[in-house]
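When the chains are written out, they are named A, B, C and D in that same order, and each has its own residue count from 1.
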Amino acid sequence: MTHSSPFTPAEKSFKARVFQIIFESDTRAGKTFDIVLITMILLSVTCVLLDSVPHLNQRFGTYFGWVEWGFTGLFTLEYLARIWCLAQPRRYIFSFYGVIDFISILPSWLSLLLPGAQTLMVIRIMRVLRLFRILRLMEFVGEGRLLMQALNRSRRKILLFLIAVLSIITVFGSLIYLIEPPEAGFTSIPRALYWAIVTLTTVGYGDIAPITPLGQFISAIMMILGYSILAVPTGVFSAEVIRTIRLDQESEEACPGCGREGHDKDAKYCKSCGTWLDEETEDPREKASDD
Amino acid sequence: MTHSSPFTPAEKSFKARVFQIIFESDTRAGKTFDIVLITMILLSVTCVLLDSVPHLNQRFGTYFGWVEWGFTGLFTLEYLARIWCLAQPRRYIFSFYGVIDFISILPSWLSLLLPGAQTLMVIRIMRVLRLFRILRLMEFVGEGRLLMQALNRSRRKILLFLIAVLSIITVFGSLIYLIEPPEAGFTSIPRALYWAIVTLTTVGYGDIAPITPLGQFISAIMMILGYSILAVPTGVFSAEVIRTIRLDQESEEACPGCGREGHDKDAKYCKSCGTWLDEETEDPREKASDD
Amino acid sequence: MTHSSPFTPAEKSFKARVFQIIFESDTRAGKTFDIVLITMILLSVTCVLLDSVPHLNQRFGTYFGWVEWGFTGLFTLEYLARIWCLAQPRRYIFSFYGVIDFISILPSWLSLLLPGAQTLMVIRIMRVLRLFRILRLMEFVGEGRLLMQALNRSRRKILLFLIAVLSIITVFGSLIYLIEPPEAGFTSIPRALYWAIVTLTTVGYGDIAPITPLGQFISAIMMILGYSILAVPTGVFSAEVIRTIRLDQESEEACPGCGREGHDKDAKYCKSCGTWLDEETEDPREKASDD
Amino acid sequence: MTHSSPFTPAEKSFKARVFQIIFESDTRAGKTFDIVLITMILLSVTCVLLDSVPHLNQRFGTYFGWVEWGFTGLFTLEYLARIWCLAQPRRYIFSFYGVIDFISILPSWLSLLLPGAQTLMVIRIMRVLRLFRILRLMEFVGEGRLLMQALNRSRRKILLFLIAVLSIITVFGSLIYLIEPPEAGFTSIPRALYWAIVTLTTVGYGDIAPITPLGQFISAIMMILGYSILAVPTGVFSAEVIRTIRLDQESEEACPGCGREGHDKDAKYCKSCGTWLDEETEDPREKASDD
């Protein structure tokens, strides 16, 4: 996020300052802005949540409405400031986070145009999507980046795992649909699939449960399967986190003297033969003995 | 899957092309075929699922029937093409995936011969077994192969774990059967075992639950046990994924001196005969003795 | 389990043969004996399980009785043979597995002495303890030994984890007991602790569940806690499995030439400098150049 | 915890002995004191738990009261002894564990001042907070320290994970609130969030469960998500345990040349100045240049 801001010296002064505060987070003002923003997002989402509780809505409904308009005003100002201070605003507007930023102010303005209680409720609740704005800030944190990298590396393996799990769920769900009577709640295969997912993921609501001995036997197999194969995504992700941490720490260069690899990134001498590792500069020890 | 197709040059042209498209996936046509096949499998299984929903079956039952026959026709053609283009079709027919391919077209043809609503339903639902055809394609993907290898390596350890888990379940299930009154749902040991599996795997339907203090105390022990020993398959599989990734990093080069394989990628000398492994550069030891 | 059998040559022949078959499993007869024994244990436990199902007991009760006496006879013979073929039978009789072996035949003989339906049922079900005899055989398998080692190494850490978990459960359970009304099922702290264990281990029967908003809020915290700290035993055990596998494979010796460690146990030459690793014998290469 | 006790020789004798017994655990008396203390804490908490069971309270209520006063007396004595034997008692009193120690005796004394059945019950139950005193002792155990270190290192990553999980829960909970009718139990967003947490953590009480097909479909997605992302904290913590164990294997010796610490245990040369680390043997490089 450290683009060099594309302004001529004359225009630069104020725009660049705004850009720095809003888009970057390595200055003090930038960090303060981030913290204020997160706080506002959390407060405005809390408002939406509390407003949905019937007895709170009756008593404080009007206040929640005013607070909401306050936040909408501030987020709208911030959105316009983001567009204004960029040289190529189009890119931002159609980027993933640009769209999220827009969606987080849209519902309030829409509610002025579209009447009708039901639509209004849908729109009001869309405001919780503002929470996704917080995810952007996670990318700034080193740990967040590491997690994202490890997730990215294990992405395809976990996708394959999910395909296998969904196949198992479909086959077992269909089987249980054949075995169990509709009275137990298995009235269609999609419903049996819902039950199969509830069972395999070990959630186990109990709203639908097998009642025949054979159905219970097959459920038992599914449970043990679901319990054991949880090891697969966990194992895959553990391996990738370990690999990501190691790659972050170790140099990929081998020692020119003995070929040993796995030196720390800050190592200057080989730990097993003492050779100077950086071939492009001279070893200070040799310099010393030359004198 | 890259067998050299066993035809004389004259016959080869067309058969070999069909073989390449159907059985291999490294050409463009082969990949397209795979994607079309997966899409068709998913669509036909979706048909079976939706057909089981009573109100959808009433309205669209006839359409689902026609669509199903269309897919059966295409899968039958594909099955015949697989047999026709192979030199030794017998091997394919009796292989695991050959049987799966056959089972995925069998139900529709059987439904012509066997009348009766109940049998028909069983047969219709057997079509979801088509999903297993997708699993074959997973073996082509590098990540799929890695997962299979790691599963294979941890197979015996996880089997031992399951034996231990089943022993614990049997002993605890029998114990709770003695303690809890039949009114709580523990009417026989097999039913108590079903409850024990529901509890140990942390599914917890709640359709059968202990009601005496002693029964609840023993359940609590089982829950903590089930919660903690989940670490066993996870730990085993994590270790095997890490090992598999590392083995992937082994060099595939054999030692020019003794033919030994399985050297680490960073190895400079053969670990069993001491020969310099990198044939393109000179062994520093020889250089030293030349001087 | 490979004790040298302590008999004089004259007595040896038969006793030693019986000893080898029963106690060891590296001969063909020993392996066959193990498999027959496991099969018999599983069959006899299955009998006990099926006998507890009311309608099976009514129809086949007498048969189950006869089969049970058959197994008891065979297990008793085996137990006597074990004692007879040992030089110091006392050690075996009072060892862990000796007691298990005795307990697995005791219930049937006791049922002759003690009358009364209820006592009889307790005794009959004690027969499932035979299953523990199977665990002994796990120690013979290499993978079983590795798992036991890793469990052993992580034992103390997982114990500490359980102490912390039980403290959390007690404090949260007491808190929820104060908050929730007795109508929700929280009639005493021990009952609230049962609920807390059901919740923290993610079993979630739903037989007792909080009904006040504050109780649900605290439950939600417990669930997220229980969900996240599952990582602790899993992480600890994964690390120990990885360490156990590595210790099994790698030599602990460093290369005398360059100090590099982490050589495979079968390595003869250092992989990074080519030095002969076994300092007690001579490098065959040097021998060759000496000639 | 091995502070040198700050007394003049004259005062030292008795105070120092008490200090050693109470605060340290490396002498025999210190260990005995720790074990007696843990036993007393566990017994007094057990009393509180049993006292809450209605029929036990009716029969043994008065005895529990006396036992409780006995423990309170002993804990009060111990608290005073801790203050008395320290040179700077203020630091201890306002430290985390000092406050815990105070809280564990406060309730009993408060119950003399504050009448009223309800308040009394709250106060009585506050006594279970004594359990936190046990956690202090975990820090003495090497394994406890290792776990704490690994938790500490993974703290920020797991926090980020929890933020992401809570965002997902809020968005999904709001969505299901829009879809499901209030009859299914989703009467407000906070209630829907409670359901979402119950579902994502795979607890699954079943007290609130979706009843519309669309709601069940979205729940199914949440379950699979919750089932899969459990891999994240587990993977992070596994990696940190492995790293912590490995760091434990780092040499504690500083380089004699530049003072740098944190060398691997197998390092022969300092990685930042190339000095030979093993002062008891000679550097092979020097040997070579001597010849």
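By definition in this document, a contact is a pair of C-beta atoms (placed from the backbone, for glycine too) under 8 Å apart; a residue touches a chain by one contact, two chains touch by 3 or more.
On a predicted model such as this, the values are computed, not experimentally measured, just so you know.
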Shared chain contacts [chain B and chain D, defined touch]: A, C
Copies chain A and chain D touch via same or different residues, half shared test: different
Of all other chains, the one whose Cα centre sits farthest from chain D: B
Cα-centroid distance, chain B relative to chain C, in whole angstrom: 28
Chain centre separation (chain A, chain C; CA means) in Å: 40
Chain C, residues touching no fewer than two other chains: 161, 190, 193, 202-206, 226, 230, 234, 236, 238-239, 242, 259-260, 272-273
Residue ranges of chain A touching chain D (in the complex, touch as defined): 45, 48-50, 52-54, 121-122, 125, 128-129, 131-132, 134-135, 138, 141, 143-144, 146-147, 150-151, 158, 161-162, 165, 190-191, 193-194, 197-198, 200-207, 226, 230, 233-234, 236-242, 245, 263-264, 266-274, 276, 283, 285
Residues of chain C touching chain A in the complex: 202-206, 234, 238, 258-260, 272-273
Of all residues in chain D, those that touch chain A in their complex: 156-157, 160-161, 163-164, 167, 170-171, 174-175, 177-178, 187-190, 193, 199, 202-206, 209, 213, 216-217, 219-220, 223-224, 226-228, 230-232, 234-236, 238-239, 242-243, 263-264, 266-274, 276, 283, 285
